[in-house]
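Taking it in order: structure first as structure tokens, then the write-up.
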Amino acid sequence: MAEPIDVGAEYGSAVDDYLTRAYDGDRCRALLSAGGWDAGLAAELAELGWHGLAVPERHGGLGAPLSSLGPVFTALGRHLAVGPMLENTLLPAVLHPHWTIAPALAAAVETGVPVALVDPGITDDRTADVGAMTLHDQRLSGAVEAVRFAGQASLLAVVAATEAGEVVCFVDPTTPGVRIDSVDSADPATAFARVALDDVRADGAAPADGGELVARIRSWARLLIACELSGVADHALDRTVTYIGQREQFGQPIGSFQAVKHIAADMYAQATGLRNLCTASLADATDASTADLAVLAWTAKAHAAEVAVRVCEDAVQLHGGMGFTTESDVSACYLRTLALRSWYGDATELQLRIGAALLDRV
Amino acid sequence: MTVQPPSAPTESLDAFRTRARAWLAAADIPEVPRDIDSRFATLRQWQKTLFEAGWVGIAWSKQAGGQGLSHLHHLVFVGELARAGAPQPIGLIGLEVVGPSIDRYGTDWQRHELLPRLLSGDDIWCQGFSEPNAGSDLASLRTRAVADGDEFLVSGQKIWTSWAHLSHWCALLVRTDTSVRKQAGISYLLVDMTSPGITTRPITQMTGDREFCEVFFDDVRVPRANLLGGVNEGWAIATHTLGSERAGATLRRRVECEVALDEALDHLRAARGSSSDDRATAAVGRAHVAMRVLDAQTRQTTARLVADTGPTPMDSVDKLLLTDVEQIVFAEIAALLGPLRAVPGARARGLLSQRWAYEHLYSRAASIYGGSSQIQRTIIAERLMGLPRG
Amino acid sequence: MAEPIDVGAEYGSAVDDYLTRAYDGDRCRALLSAGGWDAGLAAELAELGWHGLAVPERHGGLGAPLSSLGPVFTALGRHLAVGPMLENTLLPAVLHPHWTIAPALAAAVETGVPVALVDPGITDDRTADVGAMTLHDQRLSGAVEAVRFAGQASLLAVVAATEAGEVVCFVDPTTPGVRIDSVDSADPATAFARVALDDVRADGAAPADGGELVARIRSWARLLIACELSGVADHALDRTVTYIGQREQFGQPIGSFQAVKHIAADMYAQATGLRNLCTASLADATDASTADLAVLAWTAKAHAAEVAVRVCEDAVQLHGGMGFTTESDVSACYLRTLALRSWYGDATELQLRIGAALLDRV
Amino acid sequence: MTVQPPSAPTESLDAFRTRARAWLAAADIPEVPRDIDSRFATLRQWQKTLFEAGWVGIAWSKQAGGQGLSHLHHLVFVGELARAGAPQPIGLIGLEVVGPSIDRYGTDWQRHELLPRLLSGDDIWCQGFSEPNAGSDLASLRTRAVADGDEFLVSGQKIWTSWAHLSHWCALLVRTDTSVRKQAGISYLLVDMTSPGITTRPITQMTGDREFCEVFFDDVRVPRANLLGGVNEGWAIATHTLGSERAGATLRRRVECEVALDEALDHLRAARGSSSDDRATAAVGRAHVAMRVLDAQTRQTTARLVADTGPTPMDSVDKLLLTDVEQIVFAEIAALLGPLRAVPGARARGLLSQRWAYEHLYSRAASIYGGSSQIQRTIIAERLMGLPRG
């Protein structure tokens, strides 16, 4: 059992403080209905240096471990922050050996213009619906239906299948044969596009370490999304506690009714359990093997998907009709949660992977 | 399309169904636009079409302008509309809540003046019952009406009033006496929405819908002739009608859910081809079980409606089970969208993302509107199980 | 939609009345801890003529439709009745074309000495654990780990696999090569045995209609068990309403606490829904094709398994420590429910079958 | 087996674990009999063996007869016992509830007379707190003690007293003042179970266990020297100790669940062979997620125990999550038994039916004992979330 250290808590508080000051309220609400992308905010966060947290010092970053991004994502979730934070913090940090062939990775850190991850592996379940991408003779072909921030990206990091497994390749979005179509989004904090590549030349990673690298990106994406979901659940919980303490029915605050109290107490317990799971998973992730990291990440993401949805549903319920309108924060929390729930797998999908991994061990 | 003659009152359900099906097969069923103003206009026109063909007010008496058939005939038509993919008439508040109240409690003038246009869709009615500070505790409403000669002067605020900004009339509950028990000081006014002093503000739901409104009343003058029933008799009128309407609403919603699940099954079958998909299989199994529970439960509802038992606390059991079922069904289907739920235009397993995400979100409101699940549980515990009041 | 008729309600009330008078209380409690079998009770119920309800009139029965057994099983569940009612009512009624070759079927109706159903098909899930039975050249071989009342039976009705599908055969338990070992039971209302057949000659049904017959037996077993579970849930609910109306804590009946009330109200709604589902399923079953009957039965059993367990768990919870002892009826309800839950499939298993059947339809 | 010398107080956790593991590997770990009398005798002997080897009272001070190590050392040993498949010492009520109270609030005589035999297992203690009419409302207890010279005369009834019929001593809460607030009139007596007037009746649980008892007190004479703390100070003592013990109990239960799940996994792996079994796979996935949640949660519990924060309402969050987790884990595993659950001696998927049915049933009690889930939710809502008292 790893010691319960609170990785990156300091970074988390800094992000929390900044967003409380500069983002909460009208700005947040405006951006949540603006399509999930705001160039101004992206540039502003880059300016603050947040994207360099886990980038090695030799590349001008702070060299913190990836796990220190966890509390940052929890804070982002708690403030319902809009934009490509996963793309701007995780990808540059994980892909730093490839900065020379893909300078846009460095630029993302500096400018906030994202690198989009074109990954058909956002689910293992009915992958045919999501699309496929293949690499032959250094040329990429295929399409992915849902790519976060591809319409805004200066670079595509493409996960493609080869005969030797999956690899990450880089593609300049202006290359001929690349087609990026922005599509509507049901996630108030994310912009999406469809990306199709038609025999496009790829720059990129050697297939040798490809599988390892792809697994690492996906595992960390799962861990950070779990943290973000934990933050969203916290936010929904906070708003609910405030609301039921004030809102009166039958002459008393609804939070004094036992049935309401018990629903709220379950939300509290569940949100606390998720927060602690995220903290523990981050602590254990740092030294974990690729296989162990995968199980840790599946576990955290599976639980986050389930708990955040449940907490948000209770939050909406306890807000009554108001919770169902866009005028309450909890509705945005719920929409955000529903979008993130299945991104890189929901509970049902990931539990099967966990079970299979555990039952195969001897 | 020609107006069909109203059928004989003894028309069998099967004959009625056949006639409805034939008419719907030939009818020009409108596409429902997303834009709210065009949607309203289209649906109002559709109600007019239905009315002219004799499909509105099916269970209303002929004297009141209806078809004089039974509730079962009405339900058959509701089902046929849903199965034909046709929208229900937009004036449901008028047809199922306000109209029956006017018919039962109204003056001759009110009945003759208001009911024909309510049926035809010329007048669309909205319901001004809920208030921002009186959610589950409906009777604590504060919108006040003060008698002033032949008029009432109305001031206050309503909420969750659907289509208020486009409606012609509003059924409004107001406080006319603050000195008595809260239920005893409420009156029921029929308010012309063009009266000076009324402003409306649509509220956006997380589904994207904008038909619910806040309505503000600022010294609005309402003629005394527009009082339904007597002064301070509004609560009894409102609860009677709300109760009666519940069984019909449950049965209508059942049909909608059934039709939606059938449609999802069609998409899943078409997309599945020959490959196995355990996740979809399990989801369909769970959804089917839930739907059968609702089917079984609503057989009792239908029996009560036919026997005309009036509102009973069993309605709360119906409501709780209906809520359960629709939340299970649409959660199961929507979960099959996977990550493509985030992209409304995508299809997963043949299911169009935005359609099923919408149904799922809408189902979440079921445990809130029409009396929250918490309220229903209290009614069941105290009125059906005889548990002591807390 | 079939009309909501209340099939066999009269029989159900008669059974209910008799058991209230002659079985409830000490006798019930004593039998629930006596291994699930009581020869006296079995003979007594036979004497009352209950087993002949759905037996054709030409065989001396009342000739009522099988669906009229539904309310009887609901009543049996409501009184936690012990013994081989399924064996003594369903099998003689369904297998009546074979009464001549298996006279013990008629005897079961008269005496209450049961015909045991040796069926490896009590689950489709990991059937290897349950056992297997095969028929070659009219000889049976195999074993089934859990057979209800085989230790008490005068005849075994064996479901066996042939190359042409499944058939029902009859075996006299005293035939050489038959081995019946009574085993412990975790079901307070049922006795179990392990049955092994070693090259035993079978009397029995022609393979031609075998599959149909086996499907019919299993479907009706599922429907009747669903009814019984509904009755058990009703009983647990009744006891709970009484208990929480009387039991005081903090100076008031616990049933006046909102949190308790809301749990109880959910139990009420769920038990009501299950009862109505059983009624509707019985009404629809009478004229259903074999395929439709199967789906009806899977559906009723799946829901009954889930609801009865949930209602009993809440009943135990609301009884507090007392619910966890054998001194409360609700503990017996729960144990009975847990045993019946997976008999012929629990919700998880049956939902998959339902889904597969629906998705295969064109 | 020789008694090992007590280790230095600074022994590292790793060294301690190594020493414990080595001792356990060589120890003669008893099979636990099903029969309740033999079980008690066997487990009592096992406590004596553990005590003589220096493994009892690990975190107790040396003055009190313990090993003077930390709570973490104690937890390590709890874990090693579980992993070795060895039972915990039977005198847990004495070691974790009564002993610490005597150590803190007792007279010299009480400490010297009672603690050594409590540690060694010579005396097994039971806890007489709950009463039939005071479940969740523990403070409303009615068992009365009336001073009579140098003695108290005790009459009343207790329930859920584990091993009462075989125990030597009972920690008894009694009412000594009926004129004050219910919590303020309670005293804590240390009662010799051989005193005349005590009768016990074991209650059978649905698991088949019979270690819980009802205990009847009929004018039982208890010497005044056996009063723990002052008259009417019993509530404070009891709640302090109950609170402190909760964290330890949570951590012990976590280890038990973990070990059980690992064992189930071993059986499933062995039985599965090469065939796929989606149902078992999904169940294992769900159980693993739940167990990781508990692991993460109890890291906080451990931190609080090390920091010696004392009882906090966070214990209620632990309790609720622990309950959730054990109910999920054992429900998932037990569901894999399928119809063979009804036959205790059968194996399904390699899992012995009676073993996993027992674990599942036992997990259902988790939401009842030690403060029901309903009580925990009220504590969380009012004391952690600041919601208004109802």
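We call the chains A, B, C and D, going by the order they appear; numbering starts again at 1 in every chain.
FYI, contacts are C-beta pairs under 8 Å (C-beta built on N, C-alpha and C of every residue); 3 or more make two chains touch, one makes a residue touch a chain.
Please read these numbers as outputs of a predicted model, since none were measured by experiment.
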| item | value |
| --- | --- |
| Relative to chain D, chain with the most remote C-alpha centre | B |
| Whole-Å separation of chain centres (CA-atom averages), chain A against chain B | 39 |
| Where chain B and chain D are represented by their mean Cα positions, the distance between them in whole Å | 55 |
| Where chain A touches two or more other chains, by residue | 257-259, 261-262, 348 |
| Per-residue multi-chain contacts in chain D, two or more chains | 278, 374, 377-378, 390 |
| Pairwise touch network: line, ring, star, complete, or other | other |
| Chain C-touching residues of chain A, taken from the complex the two chains share | 257-259, 261-262 |
| Of all residues in chain A, those that touch chain B in their complex | 122-123, 125-126, 129-130, 145-146, 183-187, 190, 192, 248-251, 257-260, 313, 316-317, 320-321, 323-327, 331, 334-335, 338-339, 341-344, 346, 348-349 |
| Touching residues on chain D, where the partner in the complex is chain A | 265, 268-269, 272, 278, 280-286, 288-289, 292-293, 295-297, 299-300, 302-303, 317, 320-321, 324, 374, 376-378, 380-382, 384-390 |
| Residue numbers on chain B that touch chain A, as the complex places them | 130, 133-137, 140, 159-160, 203-206, 212, 277, 279, 335, 337-349, 353-354, 357, 364-365, 367-369, 372-374, 377-378, 390 |
| Residue ranges of chain C in contact with chain B within the complex | 1, 4, 241, 244-245, 252-253, 255-258, 261-262, 264-266, 268-269, 272-274, 276-277, 279-281, 295, 299-300, 302-303, 347-348, 350-356, 358-359, 361-362 |
